[in-house]
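First subunit A sits with subunit B, and in the next complex the same chain sits with subunit C.
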Partner chain A sequence: MSSKKLQYERPVIQKLNVGLMNKFGTRTEYTPLTHIDGNSVRDLLGKFGSPLFVISERTLRRTFREANRAFKTRYPKVQFAWSYKTNYMNAVCNAFHQEGSWAEVVSGFEYEKALNNGVPGNKIIFNGPDKTEAELKAAIANNSMIHIDHLDELYLIKELAMESNKKPRVAIRVNMDTGVYPMWDRFGFNYENGQAWDAINKIMLNDKMELVGLHAHIGTFMLTPSAYGMAASKLSHLALEIKKKYKKSVQYIDMGGGFASKNTLKGSYLQGIDASPTFDQFAESICTSILNAGFTDTDLPLLILETGRALIDEAGYLLGTVVSNKRLSDGRRATILDFGVNILFTSFWYDHKISPAQEFSQYTEDAVLYGPLCMNIDVIRENITLPPLKRDDHVVVHSVGAYNMTQWMQFIALRPAIVMIDKDGNSHIIRKRETLDSIEKDEVLPKYLKDFKL
Partner chain B sequence: MKLKKNLALSDSGFVFDPSTGDSFSTNPIGLEIIRMLKEGKNANDIKSQIVKTYMTDDASFEKDFYDFVNMLTKHNLVEGEKEKN
Partner chain C sequence: MKEQLKFFRDSIAGSYSQVFFSDNRWFALLLGVSTFVDPYIGISGLTCVIFSVVLAKLLGFNPALIRNGTYTYNVLLVGLAIGFYFSFNPAFFVILFLSSFLTLMVSAWLASSLGAKGIPFLSLPFIIGTWIMLLSTRTFQTVKLSERTAGTLSHWGSFAGASLVSIYHKTASFIPHLAVIYFKSIGAIFFQYNIISGLLITIGLLVCSRIAFSLSIIGFITGYFFSYFIQGDMSELEYSYIGFNFILSAIAIGGFFFVPSTRSYILAIISAPLIVLVISGLGTIALSYSLPLYSLPFSFVVMLVIFVFAKRYTITKLHLVEYQKYSPEKNLYAHHNNMERFKNDTYVHIHLPYFGEWFISQGHDGEITHKDEFKHAWDFVITDENKKTYRLPGADVKDFYCYEKPLLAPAAGLIVSIEDGVDDNIIGDVNVEKNWGNTIIIKHTEFLYSKLSHIKKDSFKVKTGDYVKKGEALAVCGNSGRSPEPHIHFQLQSNAYLNAGTMDYPICYYLTKEDEKYVFHSFENPQEGETVLKATPTPLISQAFHFIPGMKLNFSVKKGNETTTESWEVFADSMNETYFFCKTTGSVAFFTNNETLLYFLSFKGDKNSLLYYFYLGAHKVLLGYYQGVEIKDALPVSSFYGGVTKFLQDFTAPFHIYLKANYVASFSEVDNEQNPGMAKIISSAYKGTGKNGTRKMEFEMELSNNRLNKFTVNNNGLCITAENII
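And then the complex of A and B:
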């Protein structure tokens, strides 16, 4: 009897505002995403629980190869270094290492992770403003590239170099005006006011250290490729001046990261897919600047890229389930999902694309999407047009591969599992769902607080 | 409750209110409910009809039905007193 019944859809009615701008945006998110690389969303959630992060290895490798091709077709010596902070799941890091990426780390924790993953010490770039003495000693012993952020660090390395039989391989991070706002001048040494030259002179005149490179990282989610061209020109100029003054060639120029992914920033008029430059545009700007700077072909430095977000964002999905629907006092539909800003940190600055994971008719409703946290700030999308979702329906959030799996918070709930789907479509769990035990294992309860009577 | 008498409905889910000039779009189930309301059916009749035809249950539909009726009221498509049952 029940098999004869028709598919049920919640009744909806929507006023038509002909000729008016629709503040809920364009019709882009109605097409359901029922499968990821051949795996049904429903089956994945059934097997690994909801919510669930999914990483498509196929997309990860395809994106890397696209970026690699964009640079290698324009410049003879290119090296990518995987930005651990963007996503340091070991499976993700190793997929990038298999593609040939070195490691770029910004803390002792990440440095250890890279070593444990099997990255040779001399292929680890150690960035960041806080490297402890012990971490610097290890980096010197392992021949890693140490990118100096401030003079205190420079002097500390100098001291350590005197005690060591190894010559630290160092680079300086240079900040500069590239015509974009805000200028990231809190990291490294400034180009325009001479701080960078001062640091270079201090290194070059010290025979205990070797200046191997110059590094810049001009911002994050950069939408202007020409700013990279400007930065590459300024670093090239420094490298050429070092050659002139000290007769020494700098081995590499590291352009850092910051390339925008295809996500849509909040408040952006255009969708990210239209607003974000392609790898080719970034590559054209950077490579042209270095090639035209005046290096001889033997002095052409290695070009290192630490891009993270643009390489992994698109490969990540967050799968979740509808908890409830309600109507707000102003008549707007509110849908509560089983994941919130605790695990989708990037919803603070992106209007993530969210698709239903099952077929619907073409009717839609304007809605607000909330997470399950008992907090007012837990908003996944302030306004979105979606089909009439009902309790237990599934949704898929697109492009969540960058930063969510490193910046997520263990707040009032357990963090979900992460699954990687390999290039043949097989799913592999790469991080288990947390348990109460895994959270409490490092807690220590003093004996006198053990018992109580209520 | 009673819907405004002169609402114009099309088979594709287009609803026109000639008294205000407002137009609306509704999905097939919404259209079916509006038609039943126009025929004067009460909430229980509508519920049993929908539950018989579609893959849903009394509790789920009742929740959706009252939300839908609230939206009809908000859109000014209802006239007269709410039905008491």
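And then the complex of A and C:
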């Protein structure tokens, strides 16, 4: 140790704070993360280039099993459906399918993706406000569960059902007041004002469709489990009333997604890890409500969960490299990284936890983290306490598995590669780094714009 | 009209075959023929039967009892007696009709008075009728005794030609003495005290029933040798109408009213000496009035035995036949099949009292508290894949998976007692003062109560005096009483008291889970260490097998190159038993659907019909889908065996049934484990048992659109495909 040359660290100037610290102490993020599932960050970046998304299959499966156990120990019939929009990398989807998840898709594109991943049609839940006629036809032919969002869709399915020899398996999406703000009421039919019953009656009185389930998706990044309990009671009540009125048991209650991950929302006082409920808390609230709603065991519905974010967020890491350091006009330190909001879309919502990937001394400095884009909005963290990073140092962004790999933009720069580390620690590339070709292959240049000399 | 004729044919045939406890028409014909060996007697008997059947029909007696000959077999015997005693003249026929009418009324009276107590009247009406005739006619000058009566007690007087008689006597001399008496005795039942009739009847009896035949011999020999042993009046036995008492009693006790078994055979053997006693005893009294005893000893002893055995307090052996099939063999095989299939079906159906899969942390005869008089109880908890009952840190009741899970009524009943107000213990602590904690006791039937303990305080959704349905939510699991960690204690008991001891009573249907595979159990006690769940129906399967009366099913049946159609309709009879009636072949298959299982009970009709294959292929179907579950069942012996094999088995069947036929069914495919829209069930019926069984028939049922869509049969290479056409 003593023979090793001490690493150079640039000096930092720190304002002397007097008075009390806040109750969490001064939070610093200098505990380095040098390895992910046994793979060194430096090696991964050296092998696959920087920046790089890394998915830990170990974490993915562990999280899924934890969630599954939380529900299965509380409710006899539980089924997860992987929310494609959260992360539809085929490798990720198939890892979840291997764990027993069905697929939940919200567009024709995702529907096709699910079919290509080998999900049987009758295990695909088709959500979303925009389903084309062709997509609906395919969904009907495949016996998929179609979650109706609005009456126009209901009428369209009715028409298609007349032509088809198959009975579409439909569910309605119900929105409701669960005591949280904002109340999501743009999707589906409202519970309190009777729209939901209107839609149910329209389906039940039409023998061309089969009402197989009830669906609610009450919000996103929900921090209150009791809201789910409320939603589950209201859906159970609907199901029991349907049974009473039409002598028909609905096959399932779909509680949608929206469970918060361990990320910290911008403006949140508490850290995500402290603020976010556990799967057990969500499960307790939902399962207790359904079990105590008054179902008999013959019509106890299947409980479907479309949890996305909470299952994949922690399994995803973004690895990047410091481009430069500079000092802003007000004296704050700014660090420019080689990834920005173009590929880390969620930095608009979260104060992502970012760790350095190499050892430092105990000295830290407040800094702003910028991305590489030539855009003013490209800020990864407005304020973070990090050790003094220098050019070519590496950083790791935690919990980026949800939404980044689907909402990222090919803007200014090309999108990076994605690597999955399997349970034995082997890394597999699951999406290649984009090249100029991958962007231009779909471009068509009119002939008259081709051959000229500038 | 055709129906009417059939009715009369059956009624007349029944009158003959009933005497030998059979409903076989061919046997009846043979018996009829045997009565005509002495034609006068035969004519007299047949006249009485026809007269009384018509009369019974006109008077509006129970048509089912007329049809099977219950009212009229005694009339037949009286008719034969009159034909035997008196010579034909106009007065003879007056007496004949009057005595028929009298016997018919006595039969009807006894049928309703004794029948209500479940006791057969056997040939009492015949005794009453005959005695009244014999006593009354002594004073009537117009009625002449026939000459054959003179020889009755010494030897059989001949009315046939001399040459025939000599042939008869020559032949008879070759037959051993005992056999001659046997044949004569059996013939004497129909007042044909000759070897020809006896031989005819014996052959008929053998063809009809091996058990009845063997019993007739055993009974006869026992009676004969017992009389010999006590130095009784052998001449009376040999030359009078007495020997058949042994024969009839042996058949009645050994094989007809009791399910044939070693014990029933022993009982039949024991009854023979009893009859000897009754013969000697009653005989003395009857003789003083010059009355023959006929079948009185048989009737008396058999009625006595049946009455006494039916009133036993515990019946584990020597079962009386409940549904008379008029054949010892049929009774026996049906009984065995039922015992094998539904041995515990008389229990009240007690289900597990919760939703989902729970683990038995303490079962019967548990190490901790399920001891002595409390040994038949279960403790249930919920575990995760590591067999832990809680999530970390596990310091609070809420960390335990089963805490606050709903508890359900195990069966319908009345809430007789609720104990509430005991707080949950902190983890690890126990409350030995209120050791049951919060408890609910439900009365299901007399002497059957269920008790659930360690419930969470204030969680009761029902109150004392409420009636609950099966599966209704009662309360939630807590940690009160002697409960170191949340669990439920479940037991069955015979009274309503909180501290009542437990009762060994099975759970009706449940599944155990091991390595993601399920095993189905019916009427068993779940064991400690098992993960157990209720068998709940899957909508697709329960709807596809939900056959309601009035429902019609039409199948397009493809057998090789030919395509036919077969139509079934579902009916329910007056006993609330549901059955399929195949209009195409006239076959009938009875089935039961109890919401957990669909199973077939019996089949009658064409064994080449699709319905017969369905009866075998869907012999027992679990109405819920569970991965890897196998449903096993026993099939009736007659489904695979016939001819000589079965003929030989019949002889030893009361002691040992070595022919076996079995059934196994499982799910081969589902499109979706959670809510299947399509499922395939494969089943097979095979000879023998277990892995050594030779498979003979394989079936596949395809369910989709909530109905049975396709049914395929592979019967030793013969492929039948039936499609359900709407």
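In this section, the second predicted complex is superposed on the first by the 441 of 454 C-alpha atoms of A that agree within 3 Å, B and C clash if a C-alpha of one lies under 4 Å from a C-alpha of the other, contacts with A are read in each partner's own complex, and residues count from 1 in each chain.
We adopt the following convention: a residue touches a chain if its C-beta (ideal position, glycine included) is under 8 Å from a C-beta of that chain, and two chains touch if they have at least 3 such contacts.
Everything numeric here is computed off the predicted structure, so don't read it as measured data.
K.L.:
Between subunit B (first) and subunit C (second), which, if any, makes contact with A:N292: first, second, both or neither?
P.N.:
In the superposition, A:N292 touches subunit C alone.
K.L.:
Comparing subunit C with subunit B, which touches more residues belonging to subunit A?
P.N.:
Looking at subunit A, the partner in contact with more of its residues is C.
K.L.:
Contacts for A:Q79 in the overlay, against subunit B (first) and subunit C (second): which applies, first, second, both or neither?
P.N.:
second
K.L.:
Can you name the residues of subunit C that touch subunit A in the complex?
P.N.:
355-357, 382-385, 391, 398, 401, 404-406, 408, 469, 471-473, 476, 533-534, 536-537, 539, 542, 595, 671-672, 674-675, 677, 705
K.L.:
Would you mind writing out the residues of subunit A in touch with subunit B in their complex?
P.N.:
2, 5-16, 18, 325, 327, 331, 361, 363, 388, 390-391
K.L.:
Show which residues of subunit B lie in contact with subunit A when the two form their complex.
P.N.:
13, 15, 22-30, 33-34, 50, 53-56, 60-61, 64-65, 67-68, 70-72, 74-75
K.L.:
Taking the complex as given, what residues does subunit A use to touch subunit C?
P.N.:
65, 69-70, 73-77, 79, 120, 122-123, 143, 167, 169, 212, 249, 251-252, 280, 284, 288, 291-292, 294, 296-298, 300, 302
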